[in-house]
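Every chain is named by a letter (A, B, C, D and E) in the order it is written, and numbering of its residues begins at 1.
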Amino acid sequence: MAASTRDTDVEPTRTRRSASHTRLWGWLLLPPAAWMMAFFVSSIIIVVLLSFGHVGPTGRPVFGASGANYAALWNETYLSVFLRSVVYASLTVLLCLLIGYPVAYTIALHGGRYKNALVAALVIPFFASYLIRMYAWSTLLSDEGLVNQALRWFGLSEGVRFLNTPGAVVAGLTYGFVIFMVLPVYASLERMDLALIEAGKDLYHGPLRTFFAVTLPATRAGVLGGVLLVLLPALGDFVSAQLLGGPSTFMIGNLIQQQFFESQNQPLGSALTVVLMIALLVFMVFYLRSTDRQRRES
Amino acid sequence: MTTLDAAAASSATPSATTPVAPAPARRRRRSVEGRPRIAVAFTALFFVVLYLPIVVVVLFSFNSRKSLSSFESFSTRWYVQFFNDDALLSSLRASLVISGVAMVGSLILGTMLALALERVSSRPSRILGTTALVPLVTPEIVTGVAALLLFTGLGIKLSLMTVIIAEITFSISYVAVIVRGRLSAMSDDVEEAARDLGCTPFQAVRLVILPAILPALVASGLLVFALVFDDFVLAFFTTGVDPQPLPVRIYSQIRLSISPAINAVGTCMMLVSILLIAFSLVVPRLFGRRDSGLDLISGG
Amino acid sequence: GFSGGDATASASASGASASLAPAAKATIDGDLVYFNWAEYLDPDVLKGFQKEYGVKIIETNYDSYPSMMAKLSSGNEYDVVFPGSKEVAQLRAASKLQRIDKAQLKNADQVFGVNPYFDDPWYDSKSDYSVPFTMYKTGIAYRKDKVTTMSGSWNDMWNTSASGHIFVLDEADEAIGMAALKLGLDINTISPDDLAKIKEALLAQKPLLRGYSTDDINNMAGGNAWIHHMWSGDFLNLVNNTVKDPGNYEFLAPKEGTPLGSDTYAIPANAAHPGTALVFIDYLLRPENIDKNVTYLGYPMPTKSSAAAFAKVSEGHPACTVTVEDLGRANVFKTQTPEGKAARDAMWTEVKAS
Amino acid sequence: MTHPASGTPVPDDVAIRLVGLTKRFGGTTVVDHLDLDIRKGEFFSLLGPSGCGKTTTLRMIAGFSDATEGSVVLGGTDVTSVPPHKRNVNTVFQSYALFEHLDVAGNVGFGLRRKGLDKAEIARRVTEMLELVELGARSKSKPRELSGGQKQRVALARALVNRPEVLLLDEPLAALDLKLRRQMQVELKNIQREVGITFVFVTHDQDEALTMSDRVAIMNSGVIEQCGTPEDVYERPRTAFAAGFIGTSNLMTGTYSGGELTLAPGITVPLPGHPDLVDGSTTSIAVRPEKIWMYEFEPAMVRIAGTVVATVYHGATTQYLVDVAPDVRVTVLEQNLVRSRNEDRWADGDSIELGWQPDHAVVIH
Amino acid sequence: MTHPASGTPVPDDVAIRLVGLTKRFGGTTVVDHLDLDIRKGEFFSLLGPSGCGKTTTLRMIAGFSDATEGSVVLGGTDVTSVPPHKRNVNTVFQSYALFEHLDVAGNVGFGLRRKGLDKAEIARRVTEMLELVELGARSKSKPRELSGGQKQRVALARALVNRPEVLLLDEPLAALDLKLRRQMQVELKNIQREVGITFVFVTHDQDEALTMSDRVAIMNSGVIEQCGTPEDVYERPRTAFAAGFIGTSNLMTGTYSGGELTLAPGITVPLPGHPDLVDGSTTSIAVRPEKIWMYEFEPAMVRIAGTVVATVYHGATTQYLVDVAPDVRVTVLEQNLVRSRNEDRWADGDSIELGWQPDHAVVIH
């Protein structure tokens, strides 16, 4: 009887290197690892240690072992700053997603010949000074700035107060970080098999349904990456609130900066920094978990 | 007469004597037929908004008045002022030095890291390697605060050096990620082929691996240069008595009263970055790659 | 570095030795490391110095006095700084300044011996460690075309008819001082009761505010501000150099009194080139340079001959004038005890954060 | 009903009718006035070299691509401007295009859910279909946990479960390795017999097309060169392209004259039974290697002398390369019926005679 | 000279000797005590399914992987612990592994430069080698400008130009499409004949191994199942694995008794000429599909009755599936010598007789 065939197994990927080889590469790890230990890990440790210290009589920070700084943070004002920061950052992420996804989608799927040029056009503004762009926004949006002048000229409105509002802060953050959403989503759309979209339509899903049932899930990794890349800087930013914010738009970043450069209370600033790090760690763990699960499934 | 082997007629059989064009690679269609007008319009609007403040910066850099909200007439006085402003110029110089040194330093360390991460599979080294990637996901304000405390804690005077150290620490990860992406796309076989052809392990790196990752090095170098040049937060926390990096100077001006000379600075910076990007697009082509540095930046 | 415990002892020890050290001579001993607000001296004057003496000025800026203090205390070595009077007192107490030998300044007669106040000011006895620079006043700037209901009092900062268009300076002392004067309290108060009242007033003001900002000139010029808590020199800059319709802007010195202050030139104790710094200060005291700076900055200086220059820039805005006599009359920010400072900072942080 | 363009009514047993179907990209015509009827229940293959327009044709039938000219009639209805999600046609993609975020059952049920069937019914039909493709046990697996052949079967089930009028398959087996491909060919054919749905199958593997199809259309540069049963197109190729594209063919070109073809001076091949050929015309004939005999000739055979130049052992068959004239090399295939005893019948350099039945020499026009 | 492990001297004509060569990864043995002599100038193929250890064996010969046990002797010298760059062996990688930053000439000359030859000599040898692989005109091209077959030839030239004692080729043709693969097989074989270097060729394509090799080793799970000439391993497989892996084989298992094999009650196959078989033992025989006759039997033939269940037309051949007992299906291959006249000789369901010469039934141990 003819030899039977079975489904060939998916071939396992493997790395094949001899031991001596590995040792050689191991030495290469030494300088960068030493550098990171000396300048990054140790500095984070100092922040954590100092967060348990206090300000000495001469105004210098002193190490200690008291939780007073953390206790001080547990009051309504600081909590509301945290809450506000999280809300602003979340809104920013949402806006970046709502704006960034369609843009990435259009460039990736309908960019055609101009695709590379469009990506370049996307990146260029982000290499022009962040501060200057933010400042340009503040002049553009001011009550007698160009935007309001244009509105008045078209007779659309008697002037809108854009600047110095929570909306302006979130808009500034969105403007600043939307590229971190567009690029990973674009990359994942580029990697996606376009036949998937056709398969969705083939199976009786209209364009919109296909998008939600097929395209979006297929680019989940890019979206998650974008969310993380936007959330991290948005939560730590202090420039947008400073340049575009109003009296009640203080964020964690402003608070930390205030403690270090205005009040000169470094231990309290360190405690704030630690809390911020912990908050971000929670998001990171969540992200790693979900990507890890994806990887394990493959 | 000929023996027609399957479809000798269909395409010129790639005979050995006549050079043939590369086999028609299976193309993947990369676009969908029919353009949704709304999406295109939305994207166009997005680009308008994206460039609006930049247009304003460029426009007002040519304003004859100090005002940033009403344009009076064309003048180059702010460029003249910029090129006569020693403080601004020395800041520009400082920024260039910082970016240049940080670029070289992080390229060296980051490439080492990428090579090691790609090749070493032992557990402790992997943990070490992962730690080196943490700065990538740490908000700059945290890194900045930590660096400031580290330097003042160790009694190191803040200077250009401390800015450079902080910027390198922060950039290593970028280089490592980009170079590693290139390395992992490269088949192990290439290195083994070099060994097979008589290279020692070191020669294999020098003669084969480094040339192969050159485009990634160029791309990540330019990226780091641009990021560091524009970085404000880290520089703000770690700068000392030396001339302040440009972004820090801009920040201290913005907090008080800004001079339109800053718009001139911004316009110049943007010109430089456009040149850099164009360069990073072109350089890989010089090495004959179809992928460009931009793909690497965008993670494509 | 940080201290493992209290570092008072070592700090005061080094301070003592610094005060005993002989004052520097006014000879060029290197490039000048210059630490000041951004654009707070006429660039032409700086250029002239570099040209005349063949040295470079390495310029670094601060965006607030506290951040200047932070940088100084982190050990950075600057040759010349421009602290306010309160900061001079603080720095002198911490032995962070070098004594300035008046005999080294050829132009010392421009500022010393002119006003008794500056020969022995409250912040620096005998002016041993600082040289007077400018004098300023904090008042209220407003748009005459937008607001018509100004009362000439600090209550104008709570003027509901400009709601959403009022800015307060983003500085703890200035904001607290504003509220204190409105409430009839001492601007330097550290009493918990007073601070509670001030906090209440500041919080009550918040809904009317557009923001806290030190970018006063652009806030006014951009039209966002109708009423701005403002420094007198910035106001003159606004009307003289920035806006097309200076007639619409007015500066008001409230009747409860205004915070007044003066800035100084000083040389940090750890300066690497104190000789150049002395030459530089002497250069700045030349009458022609004083006139240039007064014109450029819009702030008066307590010198022999600069009154004419200031009169010219402040023409039509008499409220911007600051006289030495005013300075004598209180309303000057002073150094608080560490606890007092902490209480004021904490209160200010809470106001901004809420 | 009557077709608007052709004017002739579409017979009931026609599943797909293409009328003058044309596709141009920019200036280049990729599919050129295709006219084709595909019958209900037929296993129809489109065979052709890369870039000849097979995929484009399929995509116009599915509706992913708009026809530049002409029309597509499905089951009697003109669907030329109906969007893909409203056509009763399903596609099996070469890349499978499985939804990674859904499990096997979710993938298979994807189309049914849109049709508004109730849950129990969907579950029943999904289970039934998974049984058919022998994946009943894997319904909870994610696509990435499946092997290539299993993925292929999920893609098939996902399309078939909708009971489309027509199933389009674009090189569904191209990504599989040879052994698996053979196995899937048999399974695919069996499934098609079982469900009775019209299959339009795109491939560039001629063996695949020959063994599986009821009819084969050979496409080249956007036009159909020949369309017929596998035997038709293999045994009676109508063009040089068709002869060369399917299998191996010995193409001999010479001058025809009085029932003989002169390949080279003094070397002639008898070519009887072609009264239509004009004396002196340049004529080509194609003879399949397996149709050439090397001994035990039959009386009616055409005979020609040659020299063996190479012998290639393939296990089941042996291939001989024989020079019959300078520059005219003929491939002869011989089944190794008795190989293990006589070994190679000839050594390289031996002079032999070749023969074939006259009607196995197909004249190429 | 004497080999340390085996103790026997290595004959002059042996290029590679593997002695008890073993590789373990963790606990699993991937190559298991391989003993093998490969002769100088031989075209030697390692044939086996995926994962059987072919690549691992090759990598140990090249020196990229350390042997866990045993040794590798190259040209009489034990090289077991010599690093790869010091072994006089070169490799052609499946992925080609060309250096993208160098042009064709740069790639080919790479090894020579490492050897420190002078420039003129390098240029001369590179040109010569490029002529051999017929790429003389492309010496300034970059690898990415070449087609798959051309890349393959550059990889070959790059290895051959060093004049290694042995050339190792790891599935060098696997990435090429069928047509190109066929062509490269011929070219590769010709080049090997020309240069006379020992080739060790890894493949999992049995046709490739049969047509190209002087000798073939069939590997399975780290051991060599059979090693011999292509005819040897195809016509006289020694194990069921060998019979099944190369080509198609009809494996029939039954109980032996008095010259007959009983496949099912009442269904016996004559099995003469095996006096060594014990009565009552379970025995398997393998018969190749092309060795089975369906008519015109010869007198000495073994005959068995069956029913046709399927006929598959392949163009050059037709395949019949015939049931000779319940659950015993036999594949029969027939060359379509006269197809176009008689069409299918049998319809499905016809009862027919099959026959084969007794010595074509190979007893599998």
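Everything below uses one rule, namely that a contact is a pair of C-beta atoms (placed from the backbone, for glycine too) under 8 Å apart; a residue touches a chain by one contact, two chains touch by 3 or more.
Small disclaimer: the values here were computed from a predicted structure and weren't measured.
Counting only chains that touch, the fewest steps needed to get from chain C to chain D is 2. Taking the mean Cα position of each chain as its centre, C sits at the greatest distance from chain E.
Nearest to the overall CA centre, using the mean of each chain's CA atoms, is chain B.
Chain centres here are C-alpha means, and the one lying farthest from chain D is C. Remark: chain A and chain B have CA centroids separated by 18 Å (rounded to whole angstrom). Between the CA-based centres of chain D and chain E the separation comes to 29 Å, rounded to the whole angstrom. One simple way to say how far apart two chains are is to compare their mean CA positions; for chain B and chain E this gives 50 Å.
Spacing of chain A relative to chain E, judged by their CA centroids, is 55 angstrom.
Contact of a single residue of chain A with at least two other chains is seen at positions 8, 16, 50, 139, 142, 144-145, 260. Counting only residues that touch two or more partner chains, chain E has 64, 178, 248, 289. Of all residues in chain B, those touching 2 or more other chains are 5-7, 68-70, 148, 153, 251, 254-255, 258, listed in ascending order. For chain C in complex with chain A, the touching residues are 2-8, 11, 64, 66-67, 69-70, 73, 94, 164-165, 168, 172, 206, 209-212, 218, 222-224, 338, 342, 345-346, 348-350, 352-354. Those residues of chain A whose C-beta lies close enough to touch chain B in the complex are 15-17, 21-22, 24-26, 28-29, 31-33, 35-36, 39-44, 46-47, 50, 99, 102-103, 105-107, 109-112, 115-116, 119-125, 127-133, 135-137, 139-140, 142, 144-146, 149, 175, 183-184, 186-187, 190, 194, 197, 207, 228, 232-233, 235-239, 242-243, 253, 256-257, 260, 266, 269-270, 273, 276-277, 280, 284. Taken in their complex, chain C has these residues touching chain B: 1-2, 33, 35, 37-39, 43, 46-47, 50, 56-64, 71, 74-78, 214-218, 221-223, 234, 237, 241-244.
Here chain B touches chain E in the complex through residues 5-7, 13-14, 16-17, 19-23, 187, 189-190, 192-200, 203, 207-208, 211-212, 214, 287-290, going by the rule given at the top. In the complex of the two chains, the chain B residues touching chain A come out as 28-32, 35-36, 39-40, 42-43, 46-47, 49-54, 56-57, 60, 68-70, 109-110, 112-113, 115-117, 119-122, 125, 128-129, 131-132, 134-135, 137-143, 145-150, 153, 165-166, 168-169, 172, 176, 188, 201, 226, 230, 232, 237, 246-247, 250-251, 254-255, 258, 262-263, 265-266, 269-270, 273-274, 276-277, 281, 292, 294, 297-300.
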